[in-house]
Amino acid sequence: VNAPRVLITAPISVRWGDMDALGHVNNSVFATYLEEARLRWFAGIPGGWRDEHASPVLAAQTINFRMPIVWPEELVITLTLARVGNSSLAMDYVMTARDTPSRRYADGNVVMVWTGPDGRPVALPTHLRAAAEAS
Amino acid sequence: VNAPRVLITAPISVRWGDMDALGHVNNSVFATYLEEARLRWFAGIPGGWRDEHASPVLAAQTINFRMPIVWPEELVITLTLARVGNSSLAMDYVMTARDTPSRRYADGNVVMVWTGPDGRPVALPTHLRAAAEAS
Amino acid sequence: VNAPRVLITAPISVRWGDMDALGHVNNSVFATYLEEARLRWFAGIPGGWRDEHASPVLAAQTINFRMPIVWPEELVITLTLARVGNSSLAMDYVMTARDTPSRRYADGNVVMVWTGPDGRPVALPTHLRAAAEAS
Amino acid sequence: VNAPRVLITAPISVRWGDMDALGHVNNSVFATYLEEARLRWFAGIPGGWRDEHASPVLAAQTINFRMPIVWPEELVITLTLARVGNSSLAMDYVMTARDTPSRRYADGNVVMVWTGPDGRPVALPTHLRAAAEAS
């Protein structure tokens, strides 16, 4: 069995303002952290991640919250490839403390679908498929 | 078969600032909308939703993104009870346009766990269980 | 002396997630509330607020924080015209509780400048000037 | 004439999600960046920045927006002491690109007031005054 392909390992700095009135990072901000990891991976793909023909939308996301995050903290998000579909990429991720990898804050998965100007799924651009499978 | 118990039907106004650089509401803000619905339900529960003995944390959340949301828009979130556990409440939700209920923007589910000061699950407070089951 | 021209009176619902770890609405969110008021005024202007020739940017904003805001709360923002420049609109604003207008949460001013595709100031579009002065 | 006392030089990573529908960092997020710089300065003060007797609130903030910020970008915020009052600290700041200090994105000032449990100003704690003046 092969290990999952790692798309990116992205460091993220928690901001004080990411915390909510309960004193830990708000659940919605976990999604922002994951988005940042995806976008940094996208930004490094030769050929780009969107154009006038095909742009990704989030189809579904699941977040399992394992531990509360308290500022200040430095995180690492590891994004791995779960499945390449005709129009979509499914990814798994793990969010940990940067200096204590065994401290897992969250994990889960996300599905992105590439759509055309009319909002309907289109074939995943070839260079994106290649970038995902080459990781 | 019984219809699911509706915990709350919460109206939400989209803010222009909820949109991201792709011109529609950012995925993380969907989680904020859902949180607002939960908190409004909580706020109406006699006896309150948290005290020094038991406070809820989000254990897991899944969001299925059905359509992009563009400002200005008025939403309604319908939160229904999925399951009452020993320490947890599982809820389903649907997010639609307020004036066009057939326009479904998102749906999914969320699990909240009540924990004690040490972060371990505690028994769901009786009045919360009653409020959930009476909805 | 004339009373200042009111551009818009915009209601805003505070969200639980607007609060930070100190338990009241985070200072950055005041700016989001003000933006929402401006954008709602913009949205009602015949001819629109931006096109390929002229798009507004925020040049400066001052916020005087008068009282902390705690969820749940309903606000009203009153935006008034302070000055119409060649390329700019200066506005004053007051943020109060909707049901207790004497409860002033914040006030201040903001300057917006219309710029062209090269980022340099352009003449304020005629219909925007008219809309501001007709308020 | 002395140079202003630098309280902290704080690096900040722009997140993709900080951008709004106009494709550059939303104005409200500038306030979040400034807050992060203040909080990191606070976090390094022996004796802490708040306790049950005295906690700071933002009294006023002015932001001059000099250039739009586009992701990806690394920023530096330089926070300097403007004035130490009986209950308050006034600070000036400059926000620049980390690798091109001449690229100034914003500047302005902020006033924080330390208040007691009743919300009224209290004397600035001695160790905070010392920390500000020793910078």
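Some points to look at:
Note that the chains take the letters A, B, C and D in the order they are written out, and that residue 1 is the start of every chain.
Quick note on the criterion: a contact is a pair of C-beta atoms (placed from the backbone, for glycine too) under 8 Å apart; a residue touches a chain by one contact, two chains touch by 3 or more.
Please read these numbers as outputs of a predicted model, since none were measured by experiment.
Number of steps on the shortest path from chain A to chain C, with steps defined by chain touch: 1. Between A-D and A-B, more contacting C-beta pairs join the chains of A-B. Of all chains, A has its CA centroid at the greatest distance from the CA centroid of chain C. Of the pairs listed in B-C, C-D or B-D, the one whose interface repeats that of A-C, with over half of its contact pairs matching by residue number, is B-D. Same-residue interface: chain C and chain D share over half of the residue numbers found at their contact. In whole angstrom, the spacing between the mean C-alpha positions of chain A and chain D is 30. Taking each chain's centre as the mean of its C-alpha atoms, chain A lies 23 Å from chain B. The residues of chain B that reach two or more other chains are 16-17, 26, 28, 32, 35, 71, listed in rising order.
Those residues of chain D that touch chain C in the shared complex are 22, 26-29, 31-32, 35, 55, 57-65, 68, 108, 119. Residues 12-13, 15-17, 32, 35-36, 39-40, 43, 71-72 of chain C are the ones that touch chain B when the two sit in their complex. Across the complex, chain D meets chain B through its residues 16-17, 19-21, 23, 26, 28, 71.
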